[in-house]
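Pasting a structure below so you can have a look.
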Amino acid sequence: MSAILLGILALPILAALALWAIPASIGDRLAAMYGSVISGLVLIGSLLLWPRSEGWFAYVPSQDQLLREGSRPLQAVTDVPWIPALGVRFHVAVDSISMPLIVLTALLTFVCCLYSLKITPRIGRTRSLIALLLVIEAGVIGAFSSMDLVLFFVCFEIVLIPMWLVIDIWGDDHDPVGRKRAANTFVLMTVLGSALMLLGFLLVYRQAGTFDLVQLTNSPVLGGHGVPLAAALLIAVGLAVKVPLWPLHIWLPDAHAKAPTVGSVLLAGVLLKLGTYGLIRILVPVLPDATATMAPYLAGFATVAIIAGSLACLAQTDVKRLIAYSSVGHMGFIVLGISTLSQAGLHGALFANIAHGIITGLLFFLAGAIKDRHDTSDLRTIGRALYARLPRIGGLLTFASLASLGLPGLAGFWGEMLVLLGAYRPADSLPRTTYLVFMVIAGLGTVLTAAYFLRLVRNLCQGDPAENPASAFAVDLSRIELITWAPLITLTVLLGVWPGLLLHQWGTL
Amino acid sequence: MIATAWRVAGVGFSLLVVLAAGLLYGVSPDQAAFLNSSVGDLTIGFAVRTDDLTVLMLAVVGVIATCVQVYSLGYLHQRAASYHALVTLFTAAMVTVVISDSLFFLLIGWEVMGACSYLLIGHYWERRDARSGAIKAFLMTRLGDVGFLFGIFVLGLGAGTFRISELDPAAISPGLLTGGTLLLLVGVVGKSAQVPLQTWLPDAMPGPSPVSALIHAATMVAAGVFLIARLYDVFSASQTTMTVLAVVACVTMLFAALCAMAAVEVKRVLAWSTVSQLAIMFSALSLGTTAGRHAALFHLVTHAAFKGLLFLCAGVLLHQVGSAAFVVLRRYTRRGRLRKALRVTFVTMTIGLASLAGVPGFAGFFSKDTVIEAAWHHARDGSVVGWIVLVSVCLTAAFTAFYCMRMWLWVFFRTPALAGALGAFEDENATADLDEPDTSKLRDAPWVMLAPLVLLAFAAIALGYVDGVHLDWVIASVSTVLVLLGALPAYSLWSRGADPRPVLLEREFGVGTAYHVMFVVPVQLLAKLTVAGDRDVIGGYVRGAGRAGTLASQGFRKLQTGNVQTYLTAAVVGVVALAVLAGVIGS
Amino acid sequence: MPLILPLLLAVVLFCIGVYGVLARRNAITLLMSFELMLNAVNLNLIAFDAWRVDGLATGQTLAVFVITLAAAEIGLGLAIVLLLFRGHGHVDADAARDLAEQERQETPELQEKGAAT
Amino acid sequence: MTLTWTDWQAIAVPLVLAVGAVAVLLIDSFWRSASVQLRHTVVTLLTVALILFGLVFVWAQRDDFKPAFCRPAVEGPAECSLVFEPLTAGLWAVLLIGALGVVGLSAYRLLSADVPVGEYHFLLLSALVGATVLAGARDLATVVIGLEVVSLPSFAMVALRRDRRGSEGALKAFLVSVLSTAVMLFGISYLYGVTGSLYLSTIANRLSGLDPELRRVAFAAGLFVIVGFGFKIAAVPFHGWLPDTYVGAPVEVTAFLAVVSKSAGVAGLLVLVTSGVAPSGSELRTVVAILAALTMTVGNLAALRQQEAVRLLAWSSIGQVGFLLAPLAVGDAQAVVGYLAAYVVVTVGAFGAVAVVQRHRPGGLLTDYRGMVRSEPGLAGALIFFLVVLAGLPPGLAGLFTKFAAFQAVIDAHLGWLAIVMAINVMIGLAVYLRWVAELFRLPAEDPFSVDIESPAVAMISLCAATAAVLSILPSTLFSLAI
């Protein structure tokens, strides 16, 4: 097991290095094929790792039980010292929380590589793009599987420069200044956030004397004030930049809008999850009391994010920006769920993580497809009546919008429902009335969410075809698009009708 | 090819529903749960059940859906694949609601219906009114659904289960019970277009007529009634909720009937009449008695038949004439052209309207009487709610007769009076009324469309007798009088060629505009504000930080004058400053 | 003699040196000012040594080192000043400003040769 | 009992280097019959051999403790002027590796023709002697001597090309340095007056039991000493000379200044702080912390808009010194040495890359680097890696972990405000380096830079890149330097 995990960590990196080592002239197609094979292997590997036991190590009552063979929910453990002088270990493992996210990462990367077989940014250089995607994949999987705070931090940072390059080089070729600024804002804000997060980790280390997450989870840093609170605050701020939580979300719309399609997909589908995963994996179990102190405020910001994100979407004129802002709202739901500290809320947050990854990935693919066909992502320039011009893509856009606005029966619903349920009954230590208010506001947020998605569908898909003639190059859904999107569509429906598929994994958190 | 497949699938599925209803008829009630998963101490999953209510609703849904699917074969020519697929999904969602024993499973069907209605109302997405009507429908029902979801939380957590069959009102504390049912009621109000969330239903009329039939007769709006009937134990345990329901229902039925009296389009009249009739069902439910529930369900069934029929008839008008507006239809009425050309339609529509108006002998008459009777019995027991319901339903009966009569006359008969009377339907072109359009090509619809009409017309009469006729002759005569009281003024106005429509009614009490001003405009403003805030405040800080960095950078570069003595001076000053600073920090 | 007197003198010397360094332009004068400062140091060292009398004569030893240092520095300093004179034709420290930050025309960062390859 | 005793092994490295320096000078002066090429090769090889000897020696003796010039103290253990201990070993290793890198950069055909080879290597070795002495010094006289022996040859090296720019750069560095020496000596004289000793350990002992009246004097004296070093390592506000001098000097000399000279200053300051002149809790550490915050902020900010590669590196090296001063302010030798090691390796590499480009594009603008990822993928890749290490982001894990150690030291010392300033500076620093990296990826306006790179440069840069890569994978090596 641990060999598989190490394999899926190392394979993308080595493959990326190998890809750079071979001459640039190998051709884009071959590079994409190579990337598809590698990421396909990683996907298979990650599926092999799918946990067979339930539960989460955090709530295993005692250390003994944790270490007893067979009942240990942590799988594929590799734990070797790395930098003894700093107390850093190379400790990776997976459990039922990280596993779905790892599979999601592998899936989205695979899909992105497949997509690049046929559809690549105009600037070319697909070889480097594929290599960077693989590096990002390795970094994200590393972050999801690391059981050491510093290792998590390192993996958290690994993705930054590749993502910066992806936005800066392959981004919107109409707006070089804008894409440069977007890339810089993204990378600088994230770096500042992660540096603050590191300070929080170090405070934890000062209190607990270890960076090891398993140990920290089993004997958390108690106390809701003073140093633990400072640590929790710093970690929360660092992760909130990544999530991104209002008002630290400002990098997100630009980054998404300017990134190439595959960049947006990975950014929204996977990278944002690092933040929420960190909150669930690190903040909640390691600093329980401080998190409880902070949770109402976190929930407040999350609620504002839901409303502000949705409102901002209502006034967007750019389809990619709109979807980006919708992520702000959705991630707000996830943070709200986490900050309820309740079973339902955490389950909801975890579920919404996956669902958002799949659905927003699909949405960005669709937005990319529309953008490629019209050479712009501005709603007014694209025109209306996509149903008439590109009926399949228009239909899929409607489907994805409905999924994203949380229609029951599709994946988006369960996460948000559980989050609201969590807010209805938050953990005992939290002020219930406050959370009820948040719940109601968040509930209204879902209506706003519906409003902007319907507005999007109305302004893009519907309309009089006579006034919006088809452009010459607009071809409906191509085969590669269908192939790459099919898994996402399938999962959206599957998780919608069978949420137990994931919820079952988590058992009692 | 795909369209044909979906056509077959659609008809087949609705027949399957009918078949299922037939098979399940008489089977003892049962439940089954599946795909459960536990979240903490809660179980989230799916469950189905079967009992009399399920069978009844399955039958209604199945029959109406079959009629609609078959009718659509003739009605719809463009984008048939997506249309039939969505209608099928719509039906399936309603079936889900009907058979569900899990609140979440029910919610899935509940909201998928909303989505399907959105997509179907927006079927003619080229049209502006269809687009906005669709959005309105979805958003208003969604708003109600949020309350519905919260209601599920309250009840589910209060009872510790999300299974409907396990919801025991005695196990839930009274406060939670009231809160939970009130929240569910919000969802019901949204779905069934009751006041104050009533405006979406009339605006949903640009959708294809068969879809309107489906929405109004068997699915979507009926789901609200069904839900309360399903959770009747829980609802009736909360007196407050029932009172609220009664008030909402009474206000709605009068409001909607009044609006229907001034509407100038067949489908809009029918839409308002649906709202009004649903309110009658709710008022029956709000009595909290077994008789009330029975009356409500009885009315639900008959209403499904005649309202489905009416909408399909309106569809024929639209299909054959091209419009359902009074002003257009009137042009075809010279020499009874319309009713001669569309003979089947005319007859079935007359039956439908008679049933709706409650003409004795038709199904609607019997079901409405059951409601009045239940209300009367309740009122006689000293219930204020009963009295309110009784009075409202009686008034509504009269109003209903008025607008049915008005529509029937104006659509199919030429007024004997001269044109130009008060409020008569005038075109912009005054002489247009005199030109008779070319009616030579006016034919009745193909048989696939007429067959459902005939079937439903039969049902609109026969359903009144399936329950066994047990009339309270006093009530029957009172209601007959009420029908006459309503119908006669309509006739008299028509014969004088006048149709006075008070502005207030014509504008539907200005609710739509008020909502626009109260909600849509502020939200749009807020949206602009948010974007501006993001750009100028939060973004401003970020940009400001960047600019500050740049400026500082330029500043430091300026300081780098190249003069070594400047550097030395800075250093000496720095030493002194450092000493002071360290002293300050140290002490 | 009280300790304070040589110390005061040293401070005065040092301050004169600092003033000279900051205020004079001629590089040679600057070097002389440095000499003053170093000599202030020497004075201090000797005075403290005489006050301490630790038997190792640490202060005096260091003073000798400082004198040597000063010689070396001045030697090198004069060489550099000579070089400066050869290059610039003067020995004004504040006039040698070739290496100051150039106010370059801000090159547009994105002046690229088209976006496409 | 002897008056003083010396373990000669402790001073073997400086001694050998000094003798070697003289030898180099003699060879160059008296072997005029040989061609320049041959002389250059011989001199370079000799220098490399000397440095390698030093490295091997340090490696072999890394765990030992060897004092030199010791005498029995009145109270407590013996007082020594120079000590070889694990910390010294670490510092020497860093200094020698840095010097080796610089020598590699100045190998044949890399050094510009107008720089005299013999003098150059002689001065380099002399400065290295000073640096090693400084890193081992345990009394203030030795510190001063060591510092001067590092400084004076450096100025000579700056002016070695004998041109306008060189002389101006040298003058600036010289004037500032002399002022700093004077200030430092002034401080030392008071420190001596207050404590009556020049031995660091004795001073530390006596400072703790000092009369409160004198404590102020001691503080001022300590401040002067630190300020003296502040000039040397170009901490803000004593940094003015650095950008001008870096730009004025030949690139190899700039590399030397940035690597060896700067490391020597840091080493000296580290010795002072850790040996007790600024014990924990003293205001002097606060001073260093303030200096750290100021230095990193000003350095990084000023680097933000630079358009010349060398000037950018100059300012960014100021920023890096700020990061070095942070763990120094809390006396964490391990973090300082680790940071220094990573800094030295990648700075040599970066200057190597700059030297290569500068030789063919003398303008030295950042825009000259456009398109290098395509035209010179190897060089560009290495340069990106060096910059990323400097920024402290993956894949430059060496930089990341050294910054991490600095953060850890600061957090452990409860200096929250400094940690926050550092966090902000990580961001600014990243912005600085990413600007350059972005240029490498941009499409150039004219032909991109592309040449046949000299093989010594290839070797040198690859060596640096390889070392940095190894340090990135095994960062624990960095922190085992000074245990």
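Every chain is named by a letter (A, B, C and D) in the order it is written, and numbering of its residues begins at 1.
We adopt the following convention: contacts are C-beta pairs under 8 Å (C-beta built on N, C-alpha and C of every residue); 3 or more make two chains touch, one makes a residue touch a chain.
Remember, it's a predicted structure, so these values are computed and weren't measured experimentally.
Novice: Between A-B and B-C, which chain pair shares more contacting C-beta pairs?
Specialist: The greater number of contacts lies at A-B.
Novice: Going by average Cα coordinates, which chain is farthest removed from subunit D?
Specialist: Here the answer is chain B, farthest from subunit D.
Novice: Determine the chain that sits nearest the middle of the structure, using the mean of its CA atoms as its centre.
Specialist: Centre-most chain by C-alpha means: A.
Novice: Taking each chain's centre as its mean C-alpha position, how far apart are subunit A and subunit B in Å?
Specialist: 37
Novice: How many angstrom lie between the centres of subunit B and subunit C, each centre taken as the mean Cα position?
Specialist: It comes to 89 Å between the two C-alpha centres.
Novice: Let me have the rounded angstrom distance from the C-alpha centre of subunit C over to the C-alpha centre of subunit D, please.
Specialist: 21
Novice: Measure off the straight-line distance from the CA centroid of subunit A to the CA centroid of subunit D, and report it in whole Å.
Specialist: Taking the average C-alpha coordinate of subunit A and of subunit D, the gap between them is 43 Å.
Novice: Considering subunit C alone, which of its residues make contact with at least two other chains?
Specialist: Counting only residues that touch two or more other chains, subunit C contributes 21, 93, 96-101, 110, 112, 115, 117.
Novice: Could you pull out the residues of subunit D that touch at least 2 other chains?
Specialist: In subunit D, 171-172, 175, 179, 183, 243-244, 431 touch at least two other chains.
Novice: Which positions in subunit A touch two or more other chains at once?
Specialist: 180, 189
Novice: Can you tell me which positions in subunit D touch subunit C when the two form their complex?
Specialist: Within the complex, subunit D touches subunit C at residues 140-141, 144-145, 148, 152, 155-156, 159, 162-172, 174-175, 178-179, 181-183, 185-186, 188-190, 192-193, 196-198, 243-245, 247-248, 307, 311, 365, 367, 442-445.
Novice: Residues of subunit A touching subunit D in their complex?
Specialist: Residue positions touching the partner: 20, 24, 82-86, 88, 139, 150, 154, 157-158, 160-161, 164-165, 168-169, 180, 184, 187-189, 191-192, 195-196, 198-199, 202-203, 205-206, 230.
Novice: Enumerate the contact residues on subunit D facing subunit A in the complex.
Specialist: By the definition above, subunit D touches subunit A via 334, 374, 377, 381, 388, 393-395, 397, 400-401, 404-405, 407-408, 411-412, 416, 419-420, 422-424, 426-427, 430-431, 434, 438, 441, 475-476, 479-480, 483.
Novice: Under the stated contact criterion, what part of subunit B meets subunit C in this complex?
Specialist: Residues in contact with subunit C: 557-558, 560-566, 568-569, 572.
Novice: Touching subunit D in the complex: which residues of subunit C?
Specialist: It is residues 10, 14, 17, 21, 27, 30-31, 34, 37-38, 40-41, 44-45, 47-48, 51-52, 54, 58-59, 61-62, 65-66, 69, 72-73, 76-77, 79-81, 83-84, 86-88, 93, 96-101, 104, 107, 110-115, 117 of subunit C that touch subunit D.
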